[in-house]
Amino acid sequence: MDALLFQVLAGLATGGIYASLALALVMIYQATHLVNFAQGEMAMFTTYLAWSLISAGMPYWAAFFITIALGFALGALIERIVIRPVENAPVLAVVVVFIALLVILNSIAGWIYTYTIKAFPSPFPKEPLFGIRYMSAHELGAIGITLVVLATLYLFFRYTPLGLAMRAVAQNPQSSRLVGIRVGWMLALGWGLAAAVGAVAGMMVAPIVYLDPNMMGGILLYAFAAALLGGIDSPMGAVIGGFTVGVLENLLGAFVIGNELKLTVALVLIVGVLLVRPSGFFGSVHVSRV
Amino acid sequence: MRELRAGYGHTRVLHGIDFAMEPGSITTLLGANGAGKTTTLRALCGMVSTEGEVRFSGESIVRRRTEDIARLGIAHVPDGRGTFLNLTTEENLRLGAYVRRDRRNVEPDLERVYGYFPRLRERRRQQAGTLSGGEQQMLAVSRALMLAPKLMLLDEPSFGLAPLIVRELFNILRRINQAEGVSMLLVEQNAAMALELADHAYLIETGRMVLAGSAAALKQDDAVRKSYLGY
Amino acid sequence: MSRTNVILLAVLLTAACALPFIVSNYRTFQFTLVLVYAIALLGLNILTGYNGQISLGHGAFYALGAYCAAILMDKMGAPYWVTIPAAGAVCLVAGFLFGLPALRLEGLYLALATFALGVATPQLLKYHHLEKWTGGVQGIVIAKPEAPFGLPINADQWLYFFTLAVTLGMFLLAWNLLRGRIGRALMAIRDHHLAAESMGVHNALYKSLAFGVSALYTGVAGALGAIAVQFVAPDSFNIFLSIMLLVGIVVGGLASISGALYGALFIQFVPNIADEISKAAPWAIFGIFMIGFVYLMPTGVAGAVRLLLARRRSHEI
């Protein structure tokens, strides 16, 4: 029983990270109908930026918020400069551009920071909080931060005019133009927000898996699985999917198939969801008219 | 004083249309299916590639982007209404006012719009996709109004609506035009009702302007009567 | 085929045959790998270039072929030349089986699913229950085949000619398949799959077969590659291998047979040159070239060459 609880709680912690990354993926998909294969590398890169700031002596939380801002800027820039030219291009061209982005970010990180693994600090104390034995303080903190980010985003989209405009653009870009919304800038904003969310996810996961240019590969895969499970165009689905996948990963790993085949599990999940229920649990079903 | 003059040739659909609008008037563009009426409106909004000249309030707007044209005060009610189906009625209306700089007039305008269309007030928190056809058309017109436009473009507002509802809608359009001085350009297949509402009328056939004049004059015109009014 | 093309090919073939006697053993080995990649790229091109099914996981089939060869040679003592058709057969079946569920996945989603396959492959290869066969993390070492019949050439040169022969065979086969009805059907499915279906092209069959044949080619390449490198280990078959194959067909030219050769030269020699600058440089270059080609030269090197030749011909008239 103890072991089960332990795995579930640890699963929630990693699940929060999957949820954040999945949410970033869904935000971009909703606005553009594109899958951002480079989301993981963007998060990794911003985490390295945070590391640079902290290594230069900046206190953690200052670096944290500045990194979020930098991530935002990076995302918006990438959308304007790299993605805009291929927004309406055939699928293969778009996929190639995303993969190229992945590869470029990965290699720039490797070039600047080398491939040696680095430790990344956690803002939370080493001793478990509130005497809870089942989770480290960092894991608890990570869940907390994730929830704060999600709540902030929810409030932003629901109750601010800018959030409303972004929702409008995601649903109906043409009508948005008719009311004067600058659709291009909204897309850049969406990318910026997604990148910022990814930055938080990266900073939360780095203390656990250690900083390395290739650290996000498996995590991205799980985020994809989570996003698909929840519904690739449903933000709420992404969050629920994320926590579900996190717990599932830990339970399966501890009690069923061992820790060696985690990525295969993600693969099976992805293919399974795509074949059986492509719209996920909370997404909208697409009917293509012939 | 504002004058809208459009003279352009569109290689695929429109072959040189010229017309002008008086500010504060209601003009209607008539024609059969495929004549090029919707394309004309789209050209005015920068939604299709256009050659020639379009001037609004003395400025040329011909190669501007749709969103910039909207910001100049031209509100387009597209065919199919263009409703944001997954947002609430009120969210749709607030989006109409998104670009306005006079923030404090938005709330009173919202009230005024609910005054014209009380049914929208009842459904303000409902998802727009659940509204009936007539209500969605009212929502589309209201959203355009929320822009505080100088010119409203309406693309087939009567489409798919029962005659009684169309009459109600057109009456409200006349009220809006008289009370707020909003110029209107109405594209319609329903010639009879359009000619009742409008001050001026133009007839388009296969991308060319074939007839122009006051609505009253066109109503009497034999050719129009036979082809478009059915008697 | 036009006379100029025949002449060009003859010249190319002669040069290819003369190569191992002119350059060092190491260079010969590098060119052997170029041929190996060319076959793999041809495979990927059949699926993605000609048939429009995006695969970001072809490294998995390359790995499958490579491990087939390694296991047959190391654990079962089979001769090296047997492994080629064996790897091909295994991958044909595996590809076809993967192609069946892939029928229901379009564009972006297929890319996503194959991306997952590519990422998961090394972990799968390290799975300890399979260690008896795969050698686990350490992998398998393969012996280098010697020249047969006591021919007066060394092992590297022999391997080069062997690979060259296989390459020629595979290219000829592909050329035959693709220039006729089958090629047109594949491209019809890529461009207008509804129209193709309604004109009687059996979409499902062609698409699954395309997957199978594509996997066959890449698997054969994997087997040849394993024999050339004399070594298979899980971490060499990671997602970056799949991405490198993608780079190859984008730069070389989609839906082009000659493109496979240009792409192979690119992905073999760029890392060699760029490695001098930094360990990260090759991939940065790959990324930049990928984006560059998508924006500026979407038909790849093959397309550019075609354009140049066409322009020259029109000048001559």
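Going by the order they are written in, the chains are A, B and C; count residues from 1 in each one.
Here, a contact is a pair of C-beta atoms (placed from the backbone, for glycine too) under 8 Å apart; a residue touches a chain by one contact, two chains touch by 3 or more.
What you are looking at is a predicted structure, and each value in this text was computed from that prediction instead of being measured.
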Pick out whichever of the two, A-B or A-C, is joined by more C-beta pairs in contact. A-C
Comparing chain centres built from Cα atoms against the global Cα centre, which chain wins on proximity? A
Using mean CA coordinates as chain centres, what's the gap between subunit B and subunit C in Å? 58
In angstrom, rounded to a whole number, how far apart do the mean CA points of subunit A and subunit C lie? 33
I'd like the Å distance between the centres of subunit A and subunit B, where a centre is the mean of that chain's Cα atoms. 43
Return the residues of subunit B touching two or more other chains; collapse runs of consecutive numbers into ranges. none
Report the residues of subunit A in contact with subunit B in the complex, numbered from low to high. 161, 164-165, 167-168, 171-172, 174-183
Can you list the residues on subunit B that touch subunit A in the complex? 45, 47, 65-68, 70-71, 75-76, 78, 82-87, 91, 94-96, 98-99, 143, 147
The residues of subunit A that touch subunit C in their complex are 34-35, 37, 82, 85-86, 89, 91-97, 99-104, 106-111, 115, 217-218, 220-221, 224-225, 228, 260-264, 266-267, 270-271, 274-275, 278, 290
For subunit C, which residues count as touching subunit A in their complex? 48, 52, 54, 56, 101, 104-105, 107-109, 111-113, 115-117, 119-120, 123-124, 126-128, 194, 239-240, 243, 246, 250, 254, 278-284, 286-288, 290-291, 294-295, 298
